[in-house]
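Structures incoming, each one as structure tokens.
Presented sequentially are two complexes of subunit A, the first with subunit B as partner and the second with subunit C.
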Partner chain A sequence: MTQIIASHASVWTIMLPFLSGVLCFMAGRRIGTLIGVVTAFILTILTLNLGVSVFQSGPSRYAIGGWSSPLGIDIHLDGLSVLMLGFTAIVGTCISMYAFGYFKDRKGLKKEKNKHYAKMGTYFWPLWFFAWGGLNVLFLSSDIFNIYVALEIVSFSAIALVALKGSVDALLSATRYFFLTLLGSLVYLFGVGFLYSAYGVLDLGLLETVIRPGMISTVAITLMTLGLIIKTALFPIHFWLPPAHANAPAPVSAILSGLVVMGSFYLLVRLWFETFTGVIMPVAGQLLGVLGAIAILGGALQALRQSRLKMMLAYSTVAQIGYMFLLFPLLAGNSIGQGFAWGGGIYFSISHACAKAAAFMVAGSIMYALGHDRIKDFRGLAQRFPIGVFAFALAGMSLMGLPPSGGFIGKWMLLKAAMLTGQWWYALLIVAGSILAACYIFRVLEITLKAANPGEKALHIPLRMQLSSLAMSFFAILLGLAATIPLEILKIDSPVFFQSMEGFIK
Partner chain B sequence: MIMSNWLPLFILMTSFLTGIAIFFLREENHSTRSFLNIFNAVLKIFLVGLLMWGVFNGHVYEFRFPLFLGFDIVLNADSLSLLFVCLSAILWLLTTIYAIGYLKGTSNQSRFFGFFSLCVSATTGIALAGNLFTLLVFYEFLTLTTYPLVVHKGTKEAVKAGRVYLMYTLLGGAVLFFAMVWLSSLAGPADFTERGILSSVATEYHPQIIIIFFLLILGFGVKAALVPLHGWLPKAMVAPAPVSALLHAVAVVKAGAFGIIRVVYDLYGIEFCQQLKILQGLAIMAAITIIYGSIRALFQDDLKRRLAYSTVSQVSYIILGVAAIGPIATIGGIVHLVHQGIMKITLFFCAGNLAEGMNISRISEMNGVGRHMPWTMGAFTIAALGMIGVPPMAGFISKWYLGMGALQSSQLWIVLVLLLSSLLNAAYFLPIIYAAWFKDSKEVSFQGLTTKWTQNRRYLLYPPLVTAGLTLLMGIFAGLPFSPLGWVKLITLREYGH
Partner chain C sequence: MNINIFDLLLAPTLIFLAWQMLRARDLLVSIVLFIIFGVLVSLAWVQLQAPDIALVEAVIGSALTGALFLGCLGHMESHRKKIVIEKIKISKGSKVYDCFLSVLVISMGSILSWSVLTLPKNVLGLTDKIQSALAKSGVENPVTAVILNFRGYDTLLEMGVLFLVVVSVYALHAIEPVSIKIQPRQASRVLIAFLHILTPLMILVAFYLLLVGGHAPGGAFQAGAMLAGVGILMLVGGVAFSFNVERWVLRFIYVIGFGSFLLIGLGVMGGERNFLEYPEYLSKKLIFLIEFLATISISFILVTLFAGCSGFLNYGKSNSGTVRGVSA
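Presenting the complex of A and B:
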């Protein structure tokens, strides 16, 4: 019975966002907003339901329309996909609540400006639900071509979302984003083509059983990895990310940095460690690790140099993506500490989603109130917007990896994996990156704590926006307190062995 | 039985929830805030008393909350943690009373008291932590909650000091994080146990274990202000007086010292430390810190800075006692955790009073202040004499045990360090006492005490008087079973296992 409910629920998690997207578009801004918020909550309940059923009855497969693979497309539900779905829903709901306030008419603003926001609001909701739907397809589908389609849906909605503002900056960054992400998709598609021509199957599970080491497999994997790296913005192809994320409206920045990045990262992990396990060479993992390492240091150093908060957060995303990629060298070719590397990398990506979404929301609130996000003019913010600054501090804790927060748990696990596998340089790197993160986070907090400049004008931030950013940052902290639940879910049908947690010597 | 396991958590929550609740209070809502603060502080003392009674009767309290992959948050009450919890609970109450008076009429009070309570709960967490992981969690939490207090004034100087403070403590935290994960990859998640648990690690890993030891000391040493990691402490003096008082007496420096005590006794175990021969290095570090801090204190004219350097020096007595092998030195070191806290908080209260009452912050301005503020200076004198180690004050007890311990383990150089340091203590405290009581203030004519002082006199005066009284009582009644000394003897008995 639960199986049936689960399968229906999983189809609905895909159908509902697309349906609502269309409805939002037809209904216009006011009703569209309502539809959007309601849909977000329904989606959360649906994924919660899915999570419970997977927890109780294990992983499942569901053939859409009764056509199973290789003819049809399968939906594949396991711990990892449920976890991703769940956190997309949680982050998505908070972002939706935030956007609810963000695109409303602002008191104290000129009429034309408000019109501008209203227009953005009209297009935001359909695009956002298309992106959400695309992500859900990505997490559930077990067909590499179908996944390509999902990637495209996500990318195109994301590009349009970046361009939403219509300013020159926004259009330029959207165009750049467009070219790069298109390139990424094409390269990925090439890889898919190679695989299909060699093995004649597209289903991930089937592919896993037939794939053999060889020239074609290597080329295909390289191409697909390259495509996904471009989309995830790993160094050195990260340059498109900061302007795109920083110039978008705040809810969009939160979606991009929090969720879209997590989507393509998820796919890469899924491919490498489930489908291609037998074919991957450890040295490739090391290569990704080196790129990740450069991203951690370079991204953080760039973040330190930024004068605008959103730009700083975007570079911080570059650095945090680097952390996620440490999963590859720590996991590839080792049996000891696998659980820690796998759990650490995934955990890091979900806590980054929560923390970064929260941080971008606060940045948006500050821009809302002050009309700018120049860090040096943040004096006295702690006194004027205590909730926002508090939320930023909590999110910052997770980004720095201070306990108790999701980022801390993720870093602890990665660090432990680095030590268990004897890769000391990564261990040192993880700690060094945390210190750099602390530098750029506290650089902002410090200024907010300074005594205020008298007589500065600011708009009142709607409580809804403030509370949704606070809720988001609470999730980032909660991940550090209730880590057993996500980790237990992650263990379901996990490709790696979660060994006992005792030290391996004693 | 189940209830009793929750008791440590309740004690933690008394201050944590108070902090959270205060954040939501309106700025003008002074009476509610003060009521919440004092009510919960008293409640906490009561609960700690309950806990103490239970532990004395052999109950075991352990609150365990699984966090991830075998790492648990463990709060438990052993005799050592009780000592620290008790100190922090009592001083929280006193400092809160003091702070209410001190901050009257200033802005951002809700933020201040909120973080103040959180800071105390972090200290409580450190005290009750049942394993290294939990200790780290609260140790970092302490860093985060004290930072807003250090920069509370929001001036350029305060922000700068805050930056230095963060730089030191976050780097220390990072080292600690690294060392702890390393240790856990060797020995698993290690719970603290009396007499240590690491002796079971195979011999070929001993070099790694030794490196980890020094990394841990480095990490804790930042907060304990071991030279050369002490740079943040004198700078952090820009914080309001109650913050400095708490920072120096229980919160930050003590957290570092307490961490070192835990590592030596309950993680490595004193016998295993001896076997690895790692304590000698620690003792030398502590000795250098003691002498260096005292010498620097000698040359400060700013009263609070002199007290800060004195803290640098005095906290290392604790570490010296730990590092000088032998039960008697251990008693001296651990009991100084309490004694130094009580004495130093008195001194900082008094320094704050001088600044509030007469706008005096330099020692050169202190001529004849004893006449105008006799009670304050009386408390100051008692605490300062205690710091020097004059009987029957509490400081004498610590130094006596330290010296006897050094003699027992025939480490004469430690005795020399103690003597030299006591001389230096006298050299920087006695002139203040002399000037305050016996010198005449020639250059400045006395303008009268500030109105702020006369209005808030009760809040500002009672706390230092109480702590000065405790300084005397703890020295005089050191022989009773429930005195700090008596309790520390119990701890030492358990750590040495005979």
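Presenting the complex of A and C:
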């Protein structure tokens, strides 16, 4: 454990989103939007700064209230958490810019519909900043109960965001999401209760030193894992995800599929490979791997069957979550393979956040212009809406895992881990999943390239929305071109032995 | 551990009530059972020597949640025709599926209860550390010290959750509610007479709970819920007071609990002093200030929740958002 005291900057990255969430609520829509966009940029600068400081001076701890663990709650800053913070900030800023255009009054739309968007825009900002703040709490927290509170904040704001549209579909899927995510929280909390009553500490670092294998530890870990799996929507508890993500307004879909899913996945990785390393049985990792495998194939097949773009993307999220969970069985092998599995799984989750956020933004733009997202009616989109289709193609590259994209690096590292640990069947699975992903992405792209039906009307899409989705998809590609930087950050205080990645990237 | 006859009665009653609650076909019956269940659970907390939790359970877990349920049910009944319920297919699971589920639940239940029984009994947790740091915390009640000082960060975030809930209630409405509507109605004389006695008493108790929190069970959440109870009784009774607020004032009241906590936390930060690290000579005052403002926010948020789910929100077109209740 490191004893260097982190600067107050880490507190600001957590508290700033809450502060501006409150201000957005007080200020109403117009000023709230401005506050939101400005905050997003400030947060990006803050987290980049934090990243640089971690890079230079290594991991650190910060005792909130000055009490320090076990009495108080600590903030813990290391490579993994800073990486997550940073990418949340980058994706969050692009989404904020996008939402800036999305909730504006739309020319050529009836007054009542515009009123609906105005109302959504009013509440989007406070809810979104609370979700963002909750995620930042989660990434920095070093206390299993504090993490529960963070999960609560993220879930409640996510539920309200899903219901924001107010349609029957949105309300039904939000209610279902509500029940499941609450169940997840409670099951997680149950596990926390067991751990506290058995070991008397809540801090992740302290827990790591006192936890022993045995009945209680196993039950607690199982409960916590189960709760987080429900929240991450791993097969077979994935069914709430597609309707919830597809029925939400586009910026919300991007937040949910990109960031919220990444949050609970991060937590699982943190718990399994740092706190619980000594007591996890390898067979449990294999079980998660099997569930991930089913998710990859099943999700992709379902995505192929969808007729609506947003539904397709939501099922694609189910499949991509499956890839992330391949991290768990692959980490069981030798040390070189472990490095690749660890890096690959996390890298994959980051690049999925970028790519899926970009794809959902484009889907929202298309809905904005056409008023629907039926894939079969996308003819001529490439002509009319070249920036968007280009952004979608770039994001699609990352989702399929084509070089040079972030998704490619993630999959490549996972493949390498599968080969090094002698679990070749996972390698086959990764390839098969990629082919299926290619099928559903190209199905959409093909139709957009066909000649347009004459006489179809479309609204003009604000440049702000187009450019922010393009920027997001560039990031997904950039992750493939500049992979060394995130991987170097990930190495800081990593629980798994990491080989130098330079040689492998060439 | 000495088991007395009261515990022997309480435990099976709790299980029986829970079972009946799930089995009841009438929602009203379920809710009433839920309220009774809550009261008995708070008795169980008393038996476990956790008076703070017992208070919260009685006030929030049983009374307030019960009121929310009842309000919601009443609202649904009165709008039964207006609410369009989409055809949701409720599959009548097959017997095999039912059996599978019961086996799953029973085996999980037994694993859990067995693990509870095998928990080590001599784990002290943090009790010693809390006792030794109590003098520096500014309050004498260890529970308050944990909630507002040692783990103040958690409580700050929980206040955030409450605020989030009120934002969600606003977001779920098609039109922004202007204020809380108090409908003058013909309440029964008995109810009004009852309210005249109870209201001042409840306000008194609420402030007692707030003040006593520093050295005995009590605190912002209990006090806020008690005050919310006053508000709910007034709404239901149709009794009234003048309630003139601008829209932003109402919003300000929702925010003040979380906002002031956050600002105090950031305000004490600087130099060597960390976030939420109160200076020792100020900590007692700061904790009281936080609790006081939190009480106000909590009570308004809870009343808003009740108003939201029972049709007491006013969407009137008047820009000022002024609503006047009529005195009984």
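Methods note: the second predicted complex is superposed on the first by the 490 of 506 C-alpha atoms of A that agree within 3 Å, B and C clash if a C-alpha of one lies under 4 Å from a C-alpha of the other, contacts with A are read in each partner's own complex, and residues count from 1 in each chain.
Here is the rule we use: contacts are C-beta pairs under 8 Å (C-beta built on N, C-alpha and C of every residue); 3 or more make two chains touch, one makes a residue touch a chain.
The model shown is predicted, which means the values in this text are computed figures rather than measured ones.
> Scan A:434 for contacts with subunit B and subunit C and give back first, second, both or neither.
The first partner, subunit B, only.
> After lining up the shared chain so the two structures overlap, which partner does A:196 touch, if you call subunit B first and subunit C second: first, second, both or neither?
second
> On the A-aligned overlay, A:292 touches which partner chain: subunit B = first, subunit C = second, or both, or neither?
It touches nothing on subunit B or subunit C.
> Quick one: classify A:322 as touching subunit B (first), subunit C (second), both or neither.
Neither partner.
> State whether A:487 touches subunit B only (first), subunit C only (second), both chains, or neither.
First partner only.
> Between subunit B and subunit C, whom does A:79 touch in the aligned arrangement: first, second, both, or neither?
neither
> Does subunit B (first) or subunit C (second) touch A:263, or do both, or does neither?
The answer is neither, since A:263 touches no partner chain.
> Of the two partner chains, subunit B (first) and subunit C (second), which one does A:19 touch, if any: first, second, both, or neither?
second
> Show which residues of subunit A lie in contact with subunit C when the two form their complex.
Touching subunit C from subunit A are residues 8, 11, 15, 18-19, 22, 25-26, 62-67, 70-73, 119, 122-123, 126-127, 130, 133, 137, 145-146, 149-150, 152-153, 156-157, 159-160, 163-164, 166, 168, 172, 190, 194, 196-201, 215-216, 219.
> Please give the residue numbers of subunit B that touch subunit A in the complex, ascending.
Listed in rising order, the residues of subunit B that touch subunit A are 23, 66-71, 107-108, 111, 136-137, 140-141, 143-144, 147-148, 151, 153-156, 159, 162-163, 166, 170-171, 173-175, 177-178, 181-182, 184-189, 200-202, 205.
> Along subunit C, where are the residues that touch subunit A in the complex?
Against subunit A, the touching part of subunit C is residues 84, 86, 88, 111-112, 114-115, 118-120, 123-126, 129-130, 133, 149-154, 157-158, 160-161, 163-165, 167-168, 170-172, 174-176, 248, 251-252, 254-255, 258-259, 262, 265-266, 269-270, 273-278.
> Considering the complex alone, what residue numbers of subunit A touch subunit B?
Against subunit B, subunit A makes touches at 337, 339-340, 343, 380, 382-383, 386, 390, 393, 397, 402-404, 409, 412-413, 415-416, 419-420, 427-428, 431, 434-435, 438, 442, 446, 449-451, 481, 483-484, 487, 498, 500-506.
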